[in-house]
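Reviewing the structure listed below.
Chain lettering (A, B and C) follows the sequence in which the chains are written, and residue indices restart at 1 in each chain.
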Amino acid sequence: MFDSVVTKFRTVGNWLHALSVFAILFLVTTQSALASDKYIFILPSLANPYWQTVKQGIEDGGKATGVQCTVLSTVSDQAKEEALNLCQTAISQKPPIIVLCSTTNSIGLQCLREAQRSGIKVGVLDVEITVDEAKRAGVNLSFSIGTNNLEIGARAAQFVAENVKKQSPKVSVLEGVVGNTNSTQRVEGFKQGLAKKLPKAKIVSSISAEWDRLKGLNITQDTLTRNPDLDVVYAANDMMALGAVEAIRSNSSKKKDILVVGVDGVPDARKAIVSGRMTATVAQLPYLIGKRSVELAKLSVQGKCAAKTEKVPLIVLTKKVLESKTDPLLKYVR
Amino acid sequence: MSELALQSVVKMFGATTVLHGITTQFRPGTVTAIVGDNGAGKSTLCKTIAGVYHPDRGDITLGELKLTHLGPHETRLAGIEMIYQDLALAKQHDVVSNLFLGREKTRFFGWLDQPKMVEESRAVLETMGINVPILKLPVGVLSGGQQQAVAIARALLFAPKVLIMDEPTAALAAREIEHTLELIKKLRERGLIVILISHRLNDVFAVSDRIIAMRSGQIVADKLIEETSMQDVVAQIMIA
Amino acid sequence: MFAKKLLADVNFTSLLQCLVFLLLMSIVFALNSPVFVTPVNIVNILTAGSVIGLMAVGATFVIASGSIDLSTAATMGLSSVVSAWMVQNMQISGPVPLLVATAVGAACGLLTGLLINITKAPSFIITLGMMSIYRAVAFILTNGIPIYGLDEKITSIAEAQFVGLSFPSLLMLAGMVVGYLILSKTKFGAHTLLLGDSQFACEAMGVQVLKLRLAIFTLAGCFSGLAGYIFMTRTSSGDPTAGMNYELIAITAVVLGGANLFGGRATIPGTLAGILCLVVLQNGLNLMAISTFYQTLFVGLVLVLASFLRRLGPER
């Protein structure tokens, strides 16, 4: 088995392969070892452009305030247990402060509680945990910054009410991944707002397209088949809204004046709005959230900030807003 | 010891009759070879004896015991063992696991008694004069002859009265055929009824006491080895 | 001679390779992070591997028997949902949710096994179907909204420590020990491996294959159910989307540990080593704050590398 020279060569080759993998691992890790005085920010999946923008804000904020920041993230927004593991890893490094964004409150609170027990200051970013709620769960937040998802839905509903031409329009809602808090609240806020501002509106379908462009397209196609006289599509994120735009464009019926409202304000959606294919998007300002959170974190560490709640404003991006370029918040839209 | 007897055994698959009333006896301490062309009914006959198939008419008895309607598990308990051509060995497992497959020795709650099994394996391999280098080696790395020997040893652990072997030498190298034939002779000395299915007349003539030639589900010749010759058998098989 | 004999043992060399790999990886991380080799971090590593580790024990049995179970993670999610529902709506605590979660898992496994036996279809197809079905049941039960905000007592279970180890990691290690004893020391375990090696041989030698397969899937279901309970206590929620893709991670760990994906060869110590490889890799890269994109890359590299290393071992 082992006696032939050929086998020996092959063996050596395999070990070289193994060594090279470790060499890469070594190089990558030495580049980015953590120092313990760094602030740690834990974000959900960086595969989502929204969190990428938050990260960019954090990094720029770090440079502006002279604070070293590390951003950790999980593979996907759904990875709840991984988020918990990540949090425990962060705690074991004893940073001065951990700023967390978790897609689920229970995990978020659990993580914060553990961090606090280890004497680490804690803040939250873009989470539906208020300072009071956290206190009830035994966590003293230094700050909570972000936008309210219920409000996003409400703003979208308001926009629809102001811009739709009919008294009783037919509305289709595209939800995000089932069970995701962001999705639930954006949809909830929209439905409540619509009931208030446009009580005669009829929601013909409310289906999860799992944040996905293609699923948004397919579902909207089916909805259009059943309701050729659809007036409004509200999607809980821009990706699904862009899918809906494609479905409407390729739809054979003549009806093209369907309002499509998304959430987030990602570059693709802005392009679609400027070119008139999509109507509007309710944009959060993730860059501003990221940047501002670093400033708050620094104040917290210095003991100048405690139990502070800060709401970052929203902006409804329409063709008019994007082309006039007068809104001061536009500079934070990335 | 008791005789294995078949009394006008008929086996049909649907409308096709595969065995046309086979009547014959097998005596302990003899090796009987069943030869014949493909589709002559050799395998069906053996599987019927082993209880895999049930005869549509006729009777099979081992001594006083009637086997006709017994299933494969019950015929095994009655003392009939069959070694399939592919040996039915677990190739990634060691010799001991294979020898005790299906009736592992246990102490309590299914807890394996490994030392006892190793000990008994050694014993049975020794009495058969089978040389396996390391008992822990996976059966798959052993030679074809050694694998054949393990399969035979496993059958012997059941203390069978009848051993049916399907093509025991077909897949072996020339050097190993010798060993297997030696093993078969040892089985005869132990007083077993050995039934071979084989295409290789050389091997058949080297080890058998009696040859049964089959054609289209019937016995066309049944001779003691001294009474016949290879040409004779070939002729019997070939004549249409 | 003894050493040579050991090296000829495929199981042993696979385990050895995995351990060497683990060691090298640990050295790299320890050199780069001062907190890597601290008791806190080691407990973290074991805790992080607890859910997936328990699932992998079940997966080891299924893979050993020559099947694949893709429904383990869905089973885990479903039992986390059912036990969380009980905790929230029936104010039950203590060992009852644990037993319920295990029972739910066992029931799922039993059903899957039954369907495989009845249809005689490849386990891959059936479990793929059951994966969707169990997820759907969890979604329907919860209306898609995770059950959260459970009683404080539940999280305190996950945070409880005995002899320096967290409860989830202890449960995982206990599961490993039990799994090891069953697979390597009992007739049932021997039959499991033999079934994966050659179903024909088992049938020919009178092993009741259908019953055996049913028992294997039920046992694997028990372990998934137990994992669901740990998931529930750790995240203090019952989540229908719990552990997406975990079934594949579990299979990865089992194969890393030296198991034959087509059955017949698998060991629990190997699976433990495989799990540790994956968890240590993730933990180390987290400590280094390396982007998750690279983490995914490394998991892939490790698996491919392991396949290369396999070629160094004795032939099989």
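A few comments on the model shown:
Methods note: a contact is a pair of C-beta atoms (placed from the backbone, for glycine too) under 8 Å apart; a residue touches a chain by one contact, two chains touch by 3 or more.
In this text the structure is predicted, and so the values were computed from the model without any measurement.
Both chain B and chain C are touched by no common chain. Look at the CA centroids: the one farthest from the centroid of chain C belongs to B. Distance between chain centres (mean CA atoms), chain B to chain C: 43 Å.
Once the centre of each chain is set as its mean CA position, chain A and chain C turn out to be 31 Å apart. Centre-to-centre, using mean CA coordinates, chain A is 71 Å away from chain B.
In chain C, the residues that touch at least two other chains are 315. Listing the residues of chain C that touch chain B in their complex gives 5, 8-10, 185-188, 190-191, 193-194, 197-198, 200-202, 204-207, 260, 264-265, 315-316. Those residues of chain A whose C-beta lies close enough to touch chain C in the complex are 1, 10-11, 14-15, 17-18, 21-22, 24-26, 28-30, 32-34, 45-47, 70-76, 78-82, 84-86, 88-90, 92-93, 104-107, 110, 114, 177-179, 184, 208.
Those residues of chain B whose C-beta lies close enough to touch chain C in the complex are 72-73, 76, 84, 86, 88-93, 97-98, 101-104, 106, 109-112, 134, 136-138, 140-141, 154.
Remark: chain C residues 21, 24-25, 28-29, 31-33, 35, 38, 40-41, 44, 47-48, 51, 139, 142, 144-146, 148-150, 155, 159, 231, 234-237, 239-244, 282-296, 298, 301-302, 305, 308-309, 311-312, 314-315 touch chain A in the complex.
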